[in-house]
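One structure is given below, represented as structure tokens, and several questions about it will come after.
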Amino acid sequence: MTKKSVTKLTGVIPPVCTPMTSDGQVDADSLIRLVDHLIEGGVDGLFVLGSSSEVAYLTDAQRRVVLDTVAGHVGGRVPVLAGVIDMTTPRVLEHVRVAVEAGVSGLVATAPFYTRTHPTEIRTHFRTISAESGLPVYAYDLPVAVHTKLTAELLLGLAAEGVLAGVKDSSGDDGGLRQVILGREAPFSVLTGSEVTVDSALWMGADGVVPGLGNVDPHGYVRLYQAARQGDWEAARLEQERLVRLFEIVTVGGGRMGGSSSGLGAFKAALHLRGVIDHPATALPQVPLNDEETARIGKHLATAGLL
Amino acid sequence: MTKKSVTKLTGVIPPVCTPMTSDGQVDADSLIRLVDHLIEGGVDGLFVLGSSSEVAYLTDAQRRVVLDTVAGHVGGRVPVLAGVIDMTTPRVLEHVRVAVEAGVSGLVATAPFYTRTHPTEIRTHFRTISAESGLPVYAYDLPVAVHTKLTAELLLGLAAEGVLAGVKDSSGDDGGLRQVILGREAPFSVLTGSEVTVDSALWMGADGVVPGLGNVDPHGYVRLYQAARQGDWEAARLEQERLVRLFEIVTVGGGRMGGSSSGLGAFKAALHLRGVIDHPATALPQVPLNDEETARIGKHLATAGLL
Amino acid sequence: MTKKSVTKLTGVIPPVCTPMTSDGQVDADSLIRLVDHLIEGGVDGLFVLGSSSEVAYLTDAQRRVVLDTVAGHVGGRVPVLAGVIDMTTPRVLEHVRVAVEAGVSGLVATAPFYTRTHPTEIRTHFRTISAESGLPVYAYDLPVAVHTKLTAELLLGLAAEGVLAGVKDSSGDDGGLRQVILGREAPFSVLTGSEVTVDSALWMGADGVVPGLGNVDPHGYVRLYQAARQGDWEAARLEQERLVRLFEIVTVGGGRMGGSSSGLGAFKAALHLRGVIDHPATALPQVPLNDEETARIGKHLATAGLL
Amino acid sequence: MTKKSVTKLTGVIPPVCTPMTSDGQVDADSLIRLVDHLIEGGVDGLFVLGSSSEVAYLTDAQRRVVLDTVAGHVGGRVPVLAGVIDMTTPRVLEHVRVAVEAGVSGLVATAPFYTRTHPTEIRTHFRTISAESGLPVYAYDLPVAVHTKLTAELLLGLAAEGVLAGVKDSSGDDGGLRQVILGREAPFSVLTGSEVTVDSALWMGADGVVPGLGNVDPHGYVRLYQAARQGDWEAARLEQERLVRLFEIVTVGGGRMGGSSSGLGAFKAALHLRGVIDHPATALPQVPLNDEETARIGKHLATAGLL
């Protein structure tokens, strides 16, 4: 398994939003501009087809367009990770094959969902993905979607086997995150998925961050990360606190829509207002933000110095 | 929408297991034998690509094989419903197109899952599926998998709009089931997904049942249903009580595997022991039953007079 | 343990509401009138200090007033069960001592709550209550409050030991209810706590019902029960369906308050409108119903022929 | 409300375990020794009758013994906070009266539990406790027990009203913690209840920590806190990492008991092994640790330099 582990993934690796046209197709031109915006922002890698990419809303054909567009445009300048998000192993392996063909650097997979799952089955799942792909596999711990928490014990066991190259932790459980950090044998990449506790995760020893809000403000997360790496924790905290305030945009839709509609809609509206993408459209059945909600996002951007 | 509603779906409509070869492919020969076993058992319809069909574990190509095999072999003798189970509207619509091409009689769809969803979004989801398919759409209420409960209010509203033709209720909430039964305007088909409260659901006014255990013992569920329809509730209850005892096979795997492995494995082991299918294999990453567990299923079958 | 088991509890045993004065004290005069209303309605027993009695809101002194008032006034005409609802064994035992002193016929206890609890601990809990009280103990299965589901296996094991005399099942899981009914050795009293599936629970073999709505319409539940006992299931169903419609009063408070405020408030408002109790007040911190909500309850009562 | 707010609570405030005799009574002598152990360890305050004090298992008489014993022995040397843990407002107010009589410095209350509760009701609950007590009230956010998460919006609103003096956050949601820290107007005391992320919580701006493990190693948490206050974050982190490893004692009971039995049993076994308390007994219905489990705790203590 050593060929998988030459370098440990670190830094800012945003989950790339998937811009869409108003009729629900992938807007490849906007996607390329978004990738450029992120790379120019200094990010260390890109994660396509994650939750913030609306992966759950994309057809297989659309997922392939995203993969080919991003992998082609990036051309190896930064690592590209691909989410292979589906209910169980056989369906995930279909996505694995497409991602491998597209030439990505690593895969991000959740535990099985929709089915009732046992730790033994979760282990089989990750082992199969690793063996079939020949690529580094990152576990995606996202209980709000998957309804299973990946325990430190399970993650560390699969890390020791060489099955997992790292974890993207979006569980919000920083105690569990710390257990993984203290228990791992190098190299195992611990990436936090939380937008609002990046400085403290890095402080605990995390290697990087996968922030949805990094689409909107990659420079901010890059500054945060670099300050932490240089040991200037005070600067890291101030940057983080600015980003915590900006993150309030995800609540703009309030109770009239689901959290995905509000959060992903906010990221896209902000990217549209900043001139990065052509349309703020989100996929069905999400509820679009209205003008008043979009205007409030604009105010947040202005306060954050992003307009 | 009237063309959708010419007949209301009633009776015993088992969710058809998907037999597999030992290397994980759809075993079409066994599937055809299973369909014959069910039709000879007297069932009123077939539901393919439901949870008991391991739909969550089948690739799109395998789903298509199932649809074509069953729809082709049935040739209109009984209605065939197809599950179109995926995370969100755009992905579900892909399955809808395939199911429509295969010539099925109706579609069964859950609310969106994996994403955080709002009632407004669930309504949009079902409306879009109905409009795009031109087929009767049955809501699949399965909170254990989808992590959302479809309320009576939501179901009755979509029924009144003509969007939903019925519901398959696997929520276990018989109070909610009754609210739908008492609140509906005809024709709206209420089908219980519970194997163990069929007599009482029919007693409350439900139209039929979609029992996973019906794969193993279709004759039992057909006797139960017909006794109820003829007003012989005592016979219905006795049949149901026999089936409650048989249903204990789903717990055979105990705590060493997940509920899907144990339950779906038990159905397939029983079908194998009864000579209906060639292999008891289940899809990855499920844990196979061992010999001791399979022997216990054999004893249950013997007790139930099925060997 | 045989002295505990001379008779099996059956029939309609409403959880008695606790009328209050406008300053939050137990209104003993109204409570006596409510008890008379229920006994005249033909109920087979009374359950005081249950969830519908606002037991969670009553101080220990108030609980004692309720026990003494009801036990004294009933004077043995019907069995009186007492809820002994608290977090863990030592606290529950304090309530047990008071209930035993008051001369009640049996006790109703939940699993421990607030703490994280294991089946071994739940067994110790019920065994201790049984041993200390010398009274029949009924398990109260109420996952919405206790956040633990009592499994059929656990209940049947404690029944076989003589620890439990029965169960009040408010879990809404009629499949589980049936497992207990089919698995029990006589005498073990199975009582459903659901207002809306009483006919079907009796049909499955349940012995009785503990309906909060029975405060408002005891005659209805008594008619339902007696029809079922006489084998006139059609009459039972019609009565049940009338009560299902009446039960809609519990939703009157909608989203502006919690379910307890709305449901318990509705029962008390209905009792006030029917002239049984002097005040519709509920305990802090519940939100009182307003005039418009109360008027809607009045309309439901009129429709049900109760005004 | 200004008299409530003269000083903001800060530092290490352990939730004091409640030593018991082998027959389940409060062991006041051991409790006094434990208090001395903590004060000599340098703690800034004491929190009695919290979850780690087995408050859910103590009768009202036992709670009063604890309050009188600790308040009397401390004699004002450090602030003593008292948990007033019960299901709803009227029951909590009974505990408030006893705590006020005992002369405590502040109160710690959860949202209502057992009942189904609404934010409006939670606000009424805290407002009533504050008004009736005249003492600083700290909200106790413990979703694992209370099954409600206190949102930043709710906490900050009650803080602005002067109802709440602070929060003890045991939710594990450090993103939410940060929202409160950034959103508060001074003085509002933010205390983390997590044993394993104290350095990062202090880094974010929290004022202190309420660590159950602080019973076992108060010196460790005091060193951690003081290092952080002096800006020596590296020392704080190293101390925290040592304590993360020691915290593994809470898992010693594994799957054969509940989390309370294992965690609280481990704290008491450690205190017994260290010679602070006379008996490691926990209250019913908790499962006692066996000799092998106790021996493993001893090894952890030795590794941590505490034996």
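Chains here go by letter, A, B, C and D, matching the order in which they are written, and residues are numbered from 1 within each.
In this section, a residue touches a chain if its C-beta (ideal position, glycine included) is under 8 Å from a C-beta of that chain, and two chains touch if they have at least 3 such contacts.
If you're wondering where the values come from, they're calculated on a predicted model, not measured in any experiment.
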item	value
Number of hops, chain A to chain C, where each hop joins two touching chains	2
Relative to chain C, chain with the most remote C-alpha centre	A
Contact-richer chain pair [B-C vs C-D]	C-D
Distance between the centres, which are taken as Cα means, of chain D and chain B, whole angstrom	49
Cα-centroid distance, chain C relative to chain D, in whole angstrom	35
Multi-chain contact sites of chain D, meaning residues that touch two or more partners	none
Pairwise touch network: line, ring, star, complete, or other	ring
All touching chain pairs, where touch follows the definition stated at the start	A-B, A-D, B-C, C-D
In the complex, chain C residues that touch chain D	24, 56-60, 62, 85, 87-91, 93-94, 112-118, 120-122, 124-125, 128, 144-147, 256-261, 283-287
Residues of chain B touching chain C in the complex	172-175, 178-179, 182, 194-197, 199-201, 203-204, 233, 237, 241, 244-245
